[in-house]
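For reference, the structures are reproduced in the following blocks.
Two complexes come next, and they have one chain in common, chain A, joined by chain B in the first and chain C in the second.
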Partner chain A sequence: MFLHHLNPSIKALTIGLIVILLALIFDPVTPFILLLFTISLTFIGGRVDVKKYLLYFIPFSILAFGMLWTTIVFADTPKNPEDIISVLGMEYPRESLLTAIALSLRVLSVASLSLLFIFTTNIVDFILSLIQQLKLPPKIAYGVLAGYRFLPMMKDELAVIHAAHRIRGVNQVLTLKERLKQYKRYSIPLLASAIRKAERTAIAMESKGFTGDKSRTFYRRFTITSKDWLFIIIMLAAFTTAVYTSIKLGYFNWYNGEI
Partner chain B sequence: MSNWRFKEIVVLTALSVVFAVVYLAFLPVGKILVGLFGPIGYDLIFGIWFIVSIIAAYILRKPGAAFLSETIAAMVEVLIGNAVGPMLIVSGMIQGLGAEAAFAATRWKNYSVWVLMAAGAGSGITSFAYGYFMSGYAALSTGYVVAMFAARVISGALIAGLLGKALSDGLAKTGVLNSYALGKEYRRKNAS
Partner chain C sequence: MKAFVEVDHLSLQFDNQPEKNILSDVSFQLDQGESLLLLGPSGSGKSTLTFCLNGIYPKELDGNLQGDVWINGKQTADYLPGQLSQQVGVVFQDPETQFCMLTVEDEVAFGLENISFPPSLMESRINQVLEMVHMLPLKKEKIHSLSGGQKQKLALACVLALEPALLILDEPTANLDPVATKDLIQTIHNVKQKNNCSVIIIEHQLDGWTAIAERCLLLNRNGQIFYDGTLRNAIKDQIHQLDSEGIWLPKITQYLLQHAPKVIQNPPLTIEEFSNQEFLWSQTEWKDMKQVRSLRSNVLLDASDISLSKNNKKIIKAISLTAYEGEFIAIVGANGSGKTSLSRLMTGIQKPSSGTILVKGKPIKNWRESDLRKEIGYVFQNPEHQFITNSVFDEVAFGLRIQNKTEEEIKKNVHSILNICGIPEYANEHPYTLSQGQKRRLSVATMIINNQQLLILDEPTFGQDAHSNLELMKLLQERYAKGTTIIMITHDMELVNNYATRVIAVDKGEIAADCTPEELWNKAPEELNQWQLEIPIPVQLKKRWEKGQNYVSTSS
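Moving on, here comes the complex of A and B:
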């Protein structure tokens, strides 16, 4: 349950750092090891529902597969065209194939890192920690929290607009063209009501004394503890181990100014 | 930030929240297109992901509106708990910067169709530069990368620029924007 108690800002920054480091790597072994590591860490260090996790993970797999075949098809001319691997009776240049696998594993690896964050972080905590640790102006942060509250309301609002249109007999959606028209009909009322709600919320907050002043006090304080440092060290160690293994196996390859 | 009314900030975030949902709804569309056409699939409809910058800047007409709205939309996308994770906030910021640059070039004075289209294209340029680095487009052949770039910039100008303007104008007509820059301009025009 260790992941749930980390400082949300530090967690986000650490993951961001690892993603940037991953972007520099062009070999398949490093992202693969990191992928396995991140998934295990998510389930060992956090309370995560396997079914929900898979539901989120599947779209990324499709994306990764798209990345895989397009990178092979549209790859740069390889440096050693003679060096060929044959898979399922088709022959590919070794270099293109490895890069393609590397890029799609990278997609999955970044996805697993993101899911680690999403599944173990409370939204309100994240925003409060952004104010406290990363000095996000409270005016914006509370604006976001207020705006975020509109999210469930939007669904109700959509139902209201839908009902209003039906009463006036304009809701016979059968074809794709009509469906597009329907979206057009919904967009303006939906936005208008969102703006009205925002305006009322802002006035209510100001009338109750919200000034957006930076020197405010907090009921819930977030601090950076040794646990957070441990998390940074674990993640960096995992990355280094992955790179080291990749070098040992002779696959290591990183971005060196190719355009 | 001091010349922003709090009302404007909350309206900006409300717009960002609405479009964050729209952005998420378009991700599977993008994924299907990617499955069909390869990475260029995203670029064809990439403009949709810049639209809140253009709408917020056009309605509020304040320095920073384009950048902030896109950043907040990205934050909300992360908060809803989908998409590409915390790194999405960085790509949102980069897209917002591209649009902001176009408005900054006119010193936040001109909001004509051309400037809005340039802002959409600007987001396309910065986001492509970022994507080039982060998604490893370097591994793709040059011709394909150029085609992706062109598709994204055009999509930014058309979808974000033109559609964004049309939506904002539609909103101005309803009168909800009467206390914001676009609504004020709309009323002035109608009065004269």
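Moving on, here comes the complex of A and C:
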């Protein structure tokens, strides 16, 4: 599918660019149109599990709703207090309401852009492409990859240490202070084994000729193709359309220090 | 012409112990295509020597190094960074920590990328080495979904891709079950024949390796070479030092030395060699295997119909079993068959998804945690995980202190337990500074301090030298004699045969066999193979002998 086959670096840069552009504008319509567009693109252009997507989207929705609510309640005194909109039997100043909606839609729009990237990009591909396209030093890139393999191992290990300490008869912790003490106790065996493992991995990598040098060849090459340019154009076009619609509807507003 | 590897008066000290020689005046040579067993007790500097050979040291060394190492006529220090990997390849002990990529093909490619291998040829080279270790069908697999044996074969493939002339194997089978071990050794054997490379093998378990390398290099505790020659001659001439350094011999040799000391003039190293030497049969005095079989008395632990699922995967499938007082039970089976999970269910650290476990007739969930710990002790695979305090004394005392015993009583108890475990002089040391074998005994010490009636151990003998092993088994045997019931997970069939009164074979989360060791050895070979088990040496010998007898009697 289209989104999965894009160059990960270009995808990240494009999305970063749109996020920055979005930050310059503060009105409810532009992010709303962009939000709808991004979500549709995610499902049309990518293989994404709807359930999982919604699960990831929930926290952002809660955050956005919270911002919406607090912005309305704690709004500055509006310039036109008479201009009132009634929603669900409650009356709000039009200005405060628009600011609040703009803000929360912004959050959702940025969230949907990030999710588009996360759901259609393989982390290994992303890092390899960072080395190849954006000249990230291999030393850092492969370090991150090795670390990425470590996380699940550390999680398993923590569970084992927890069980091992229970066997020794360490009491179940109840208070916060005890909990802190418990983590201190876990940290020594966990760190000891993590350091040892990291050292082993480093030695194994070095034994296979890894030097961190930039002169290396690549088994999987990532290149920039016309598909990537098409993606940039699509995203910019979508953004322009959103801005244009917003201007036509009379909502358009540059960001200048609201909230 | 120089030999391929030439080590010349090599000595090495680490910065934190400047006065102790890790390696001391080590000199040897290795020709192209020649192979070598590098043997020595834990801490004799075997791995350090490996790092010197593949150029990690002196580059990454925090310490001092004297002497020279020449590889292919050039000093290791004169190689450009990364270049030496095409001369010397190493497969390490822990299959888990040798990788930095997520899929099999990427991992093999990683090494090739490092040496700037032309991308157009990469694919075919990757296929070629994966084929060599029989892993080609797994090319696209994720590494974490592989078994331990497969991971080790992948590690081997990664190294082979660089076509090194010398292959170093640093305890490659330490984490593998017997069948995976055999398979890996066979693979390496084939590779060696195909590539005609040199192999240096560092191992505790020698069985199977002797066919690959005749010559052995023996290191002692001070990092000195005390013997360089064939293993056969080493056994003939140096048997006492081999023994005092705690160096493992092939199991068959070990067994014969105990039962037929005359064998020492020309010791057989494999079963096949033994069977071909007719006269040995007549010389051997066959002692009957001692059979101490406990009578089943009181039920200690009773599990009925327990299952365990994790992430929708059934790990334990409706197992029922009863452990009686005075039993020595061995749990055996392949890596990943569910042995560890089963043992954890029995201790109550993990709750079964369904089924009940009774400890002394009372459901395990009704026990107070602290009371349960006084009944059941559990020794983890990695003893470090269990250490909580900063000194050996406190570590053992911990279990008593939480019961508010008086300090005097604690002192008396702790010292007697430390004596039993053979580590009294380390009372004030930090647990982490002990050797591997001592750590293991300390973790046993912490688990017997309350006179626990049931002691469960998860692979207690793994990765230890012969000495530590013997001492641990002596300790367990003593506890057993005093009435402690012992349940032990192990891959070592000799231990099962020597100590266990009952053996439980676990296969894919089910109990495949629950019987005495003798009954297990009499099962069909196909079945044993399926459970990844191997018949221990004395039993193999006896079977061959009986077969020979039959042959003689029917032919005459």
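The rule is simple: the second predicted complex is superposed on the first by the 236 of 259 C-alpha atoms of A that agree within 3 Å, B and C clash if a C-alpha of one lies under 4 Å from a C-alpha of the other, contacts with A are read in each partner's own complex, and residues count from 1 in each chain.
One rule holds for everything that comes next: contacts are C-beta pairs under 8 Å (C-beta built on N, C-alpha and C of every residue); 3 or more make two chains touch, one makes a residue touch a chain.
Note that the coordinates shown come from a computational prediction; the quantities given were computed from them, not determined experimentally.
Colleague: Determine, for the superposed arrangement built on chain A, whether chain B and chain C clash or fit.
Modeller: After superposition on chain A, which the two structures share, chain B sits beside chain C with no clash.
Colleague: Taking CA centres, what is the chain B/chain A/chain C angle in steps of 10 degrees?
Modeller: 70
Colleague: Determine, under the contact definition given at the top, whether A:Ala12 touches first (chain B), second (chain C), both, or neither.
Modeller: It touches chain B, and chain C stays clear.
Colleague: State whether chain B or chain C is in contact with more residues of chain A in the superposed arrangement.
Modeller: B
Colleague: Between chain B (first) and chain C (second), which, if any, makes contact with A:Ala164: first, second, both or neither?
Modeller: second
Colleague: Between chain B and chain C, whom does A:Asp213 touch in the aligned arrangement: first, second, both, or neither?
Modeller: second
Colleague: Go through the superposed model and pick first if A:Ala146 touches only chain B, second if only chain C, both, or neither.
Modeller: In the superposition, A:Ala146 contacts both chain B and chain C.
Colleague: Quick one: classify A:Tyr56 as touching chain B (first), chain C (second), both or neither.
Modeller: In the superposition, A:Tyr56 touches chain B alone.
Colleague: With both complexes overlaid on chain A, does A:Val73 touch chain B (first), chain C (second), both or neither?
Modeller: The answer is first: A:Val73 touches chain B but not chain C.
Colleague: Output check: A:Thr175 vs chain B and chain C. Expected answer is one of first, second, both, neither. What do you get?
Modeller: Neither chain B nor chain C is touched by A:Thr175.
Colleague: Going by the contact rule set out at the top, does A:Ser226 touch chain B (first), chain C (second), both, or neither?
Modeller: So A:Ser226 meets neither chain B nor chain C here.
Colleague: Note down the smallest distance between any C-alpha of chain B and any C-alpha of chain C in the overlay, whole angstrom.
Modeller: Minimum over all C-alpha pairs of chain B and chain C: 8 Å.
Colleague: What part of chain A is shared between its chain B contacts and its chain C contacts?
Modeller: After superposing on chain A, chain A residues 146, 148, 192, 197, 201, 203, 205-206, 210 contact both chain B and chain C.
Colleague: Which positions of chain B touch chain A when the two form their complex?
Modeller: 1, 4-7, 9-18, 21, 27-28, 31, 34-35, 38-39, 41, 68, 72, 75-76, 78-87, 90, 133-136, 138-142, 144, 167, 170-171, 174, 176-177, 179
Colleague: Chain C touches which residues of chain A in the complex?
Modeller: Those in contact with chain C are residues 124, 142, 145-146, 148-149, 152-153, 157, 160-161, 163-172, 185, 189, 192-193, 197, 200-201, 203-211, 213, 215-221.
Colleague: Please name which positions on chain A make contact with chain B in the complex.
Modeller: 12, 15-16, 19, 23, 26, 56, 59, 62-63, 65-67, 69-71, 73-77, 99-100, 102-103, 106, 110-111, 113-115, 117-119, 123, 126-127, 137, 139-140, 143-144, 146-148, 150-151, 154, 187-188, 190-192, 194-199, 201-203, 205-206, 210, 212, 255, 258-259
Colleague: Spell out the part of chain C that touches chain A in their complex, as residue ranges.
Modeller: Listed in rising order, the residues are 51, 54, 56, 60, 81-86, 88-90, 92, 94, 96-103, 105-106, 109-119, 122-123, 126, 143-144, 155, 158-159, 162, 344, 347, 349-350, 369-370, 373, 377-378, 380, 382, 384-388, 398-399, 402, 432, 446-447.
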